[in-house]
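Below is one structure, written out as structure tokens, with a few remarks after it.
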Amino acid sequence: MQSEWTLSGIASFLNGTWQGEADLKITGIREIHLAGPGDLTFVANPVYSKYLKTTKASAVIVSRDLQTDFPNLIRVEDPQEAMGKLIPVFLSDRGLQESDRGIHETALIHETAVIGKNVHIGPYSVIGPHCEIGDETTIMAHVTLYDHVIIGKKCTIHAGSVLGSDGFGYTFHKGVFRNIPQRGRVILHDEVEMGAHCTIDRGSLGDTVIGEGCKLDNHVHIAHNVKIGKHCAFAGMSGVAGSAVIGNYCVFGGRVSVNGHIHVADGTQVAAMSGVSKSTKPGEILSGYIARPIHDFRREQAWIRRLPEMGELLNRIKILLKLDKDS
Amino acid sequence: MQSEWTLSGIASFLNGTWQGEADLKITGIREIHLAGPGDLTFVANPVYSKYLKTTKASAVIVSRDLQTDFPNLIRVEDPQEAMGKLIPVFLSDRGLQESDRGIHETALIHETAVIGKNVHIGPYSVIGPHCEIGDETTIMAHVTLYDHVIIGKKCTIHAGSVLGSDGFGYTFHKGVFRNIPQRGRVILHDEVEMGAHCTIDRGSLGDTVIGEGCKLDNHVHIAHNVKIGKHCAFAGMSGVAGSAVIGNYCVFGGRVSVNGHIHVADGTQVAAMSGVSKSTKPGEILSGYIARPIHDFRREQAWIRRLPEMGELLNRIKILLKLDKDS
Amino acid sequence: MQSEWTLSGIASFLNGTWQGEADLKITGIREIHLAGPGDLTFVANPVYSKYLKTTKASAVIVSRDLQTDFPNLIRVEDPQEAMGKLIPVFLSDRGLQESDRGIHETALIHETAVIGKNVHIGPYSVIGPHCEIGDETTIMAHVTLYDHVIIGKKCTIHAGSVLGSDGFGYTFHKGVFRNIPQRGRVILHDEVEMGAHCTIDRGSLGDTVIGEGCKLDNHVHIAHNVKIGKHCAFAGMSGVAGSAVIGNYCVFGGRVSVNGHIHVADGTQVAAMSGVSKSTKPGEILSGYIARPIHDFRREQAWIRRLPEMGELLNRIKILLKLDKDS
């Protein structure tokens, strides 16, 4: 954090305008409902503008056109983007420091691995034979890459993730499971980001592929032979079973399960906790334990809630019509 | 294990009374349905008292008032508590030994981290910049603390857990996901215990907070900005999405999901596998894929089971009333 | 990979017959729908034989009796088994090499641990006090064994798995959770295979046991005191709560949850994402958020889908019969 930040100084840094007290000292940044004196906060989502009446923050970053009589403001085009610019500078000692980038002395890198420029590999990570890691990629601590894991440029892999472990492939033969050899690769295209404790299994024969710009939250499991297109997002604890094919721009909520061997079409969106059992159409929005179009799901849920009432009505009709179960 | 344990010796150690054979040698401790000759077992939950008729154990620890004609007994106020006292002494070579406590030579501790008294840090754990670890806290092997993780006193963190990794925060802009910088902290209050492979993400701006006395089982995921009160329990594989606020004394069964940005009130209890989609009232007991009051959930489940019968009845009525679908 | 493979050479290696061009050069192996010129592929499951008309592969391994006019074929008794034999030889630089087997210099093995013959222990793995590891067992990187973990012969444990961590056992007493000491063991019988990031908790008092030949996918959680029989399979992200007893030859789909203290009988099969809440009968096939016989589950699901239609019909009847809700 620089020695002193003021309202006007921050506005200038963000190419924004300010109103109120130019020399107001800003000593912290906090969420609007938790902020106190000295704190700067922001309203990126209009839903949170209600807090402008109650926040104890000293100043707020808002969009150019937001109407408010809050005294100390910084106005910018896009408050979310402004925060994205300000936070790393304001909280400059947080996160991985540029000066700490590099390959940690405890990282084990196989002699056949090929490592790009400005790659960061954190402590105790293990990079196996024939791995390739693209320029500017960041691998945090305790990551395991088995052999033949190919990672693109500007990727990030958080602590504890395991890439290239064997897929779950067995045949059942005379009362025992026999291993199907798993010898494929894992391929991550550029700008893939992956949270902590993800597992990406190697292909059995071909490759497990994650497309450009995909983002995976923590505890995401991608099974063998899965092919994922570009710019998909997988929230925490979601999982994809073997040989599923996923298109571009798909979004999966937390703890979503995708069945094996199906095709999830471009732009499919799946609500949290749903299970996608069969192939989808482009742009479908799905929800449910067994996922179906979200409109159908909601209608069914509403009817399920009315079931007790329906049952009682049915009973009255049965009595009225003198219908006996056994008649 | 000490050289020789007898029925009367154990009773004395537990401040209990004994009946039967004073010098009976106890060579093992086992669950009542699995125990054999030489074993001591116990009945803490009255449900298990039925096994008193069939157990092959040589002796049983029971409460002072339990009625049984089992020959060799130790009677104590609270059998569960007695076992809690006996086990670590009887099986004295099991678990982390006091003599092994300390900071393992392979643990990497950043020079800016502050470590309390009698802290244990296991092999290959990584403690990042500006972390603080309170007195008497135990961190097992392969744990990763990113920077600015603040841990209270008498906490336990099991192997492989990751604290302080980036939250899953992106904006979608012109066809790609852009990272929202994650620079907040993780704060664990005193006496938090956490199983293996938990992930606790750092706040985006403020802190992710876990209150005093909370217990987390294995594979629990707590997303960025979540605030959890005191003395909550999270069973295995449960997960909390970003910015949720959880009160005190809440209990979450295995694989429960909590939606982001909601408020779970004090004393809420959630059955295993449920998904809490909206804010709760104090003391609510919830269940269901989309969680609702457990009484409603059970009633709906019962009606769902009767659906085939209802459907057939409805069909009979339709025929009786000469109602045709298209009429 | 050997310098040159031909159709007839591979057929000979597999003890199969060939038809077509004996000297056809094979330069790769790929899935039938992804294969291109130079690739050998296979049809193990008749479902995939449809791709014989469109594949760009140069040659296909098929069973002896499959009817096809594809020009270049290798015929064997069991194509899946043939691939299992061919892949490790053809892709001979993939996976853990025999020459790399051994105990990595960074593996930490407690002086009281007993390690069998030809055991592989990968980098940064930690083997605690009184552990026993059977002959031919393979433990990959970053695995943590707490104390008293007993592993049989020919087992495989993938990266990041944690065995022997404390079970989740607490009593709630005067407003706080009190730890129940966890001092049991973990026992894996021979030929157990376990994916990445599994957690197997130690018994509280007795043992957590996984029977011979069981296979666990990634992210599987087995709680304290669970006893699992022989030759069971657990797909990714499945979990078993404390003290459950599971028989032989059970199969659990992805993300299945098994309740604590129940008995899952021999040969039970559970569909993905289901929750087994109560004990099962031998050979039952179950499905559902609260698992029930799969036939019942499917029937109920079909009725749920018809609920809107049923509700409308009921409404017509109500009007026809002049039934008012309050009457």
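Per-chain residue numbering starts at 1, and chain names A, B and C are given in the order in which the chains are listed.
Throughout what follows, a residue touches a chain if its C-beta (ideal position, glycine included) is under 8 Å from a C-beta of that chain, and two chains touch if they have at least 3 such contacts.
All figures in this text were calculated on a predicted structure; none of them were measured in a lab.
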item: Arrangement of touching chains [line / ring / star / complete / other]; value: complete
item: Subunit A on subunit B, rotation in degrees - Cα superposition, rounded to nearest 5; value: 120
item: Distance between the centres, which are taken as Cα means, of subunit C and subunit A, whole angstrom; value: 25
item: For subunit A, residues contacting two or more additional chains; value: 124, 142, 160, 197, 219, 237, 289, 304, 307, 310, 314, 317
item: Residue ranges of subunit B in contact with subunit A within the complex; value: 108, 124, 126, 129-130, 142, 144, 146-148, 160, 162, 165-166, 168, 170-171, 175-185, 197, 199, 201, 205-206, 219, 221, 223, 225, 237, 239, 241, 257, 259, 275, 289-290, 296, 299-300, 303-304, 306-307, 310, 313-314, 316-317, 320
item: Complex contact set, residues of subunit C against subunit A; value: 29-31, 34, 80-81, 83-84, 87-88, 91, 93-97, 106, 122-124, 140-142, 156, 158-160, 191, 193, 195-197, 213, 215, 217-219, 231, 233, 235-237, 249, 254-255, 272-273, 289, 301, 304-305, 307-308, 310-311, 314, 317-318, 321, 323, 325
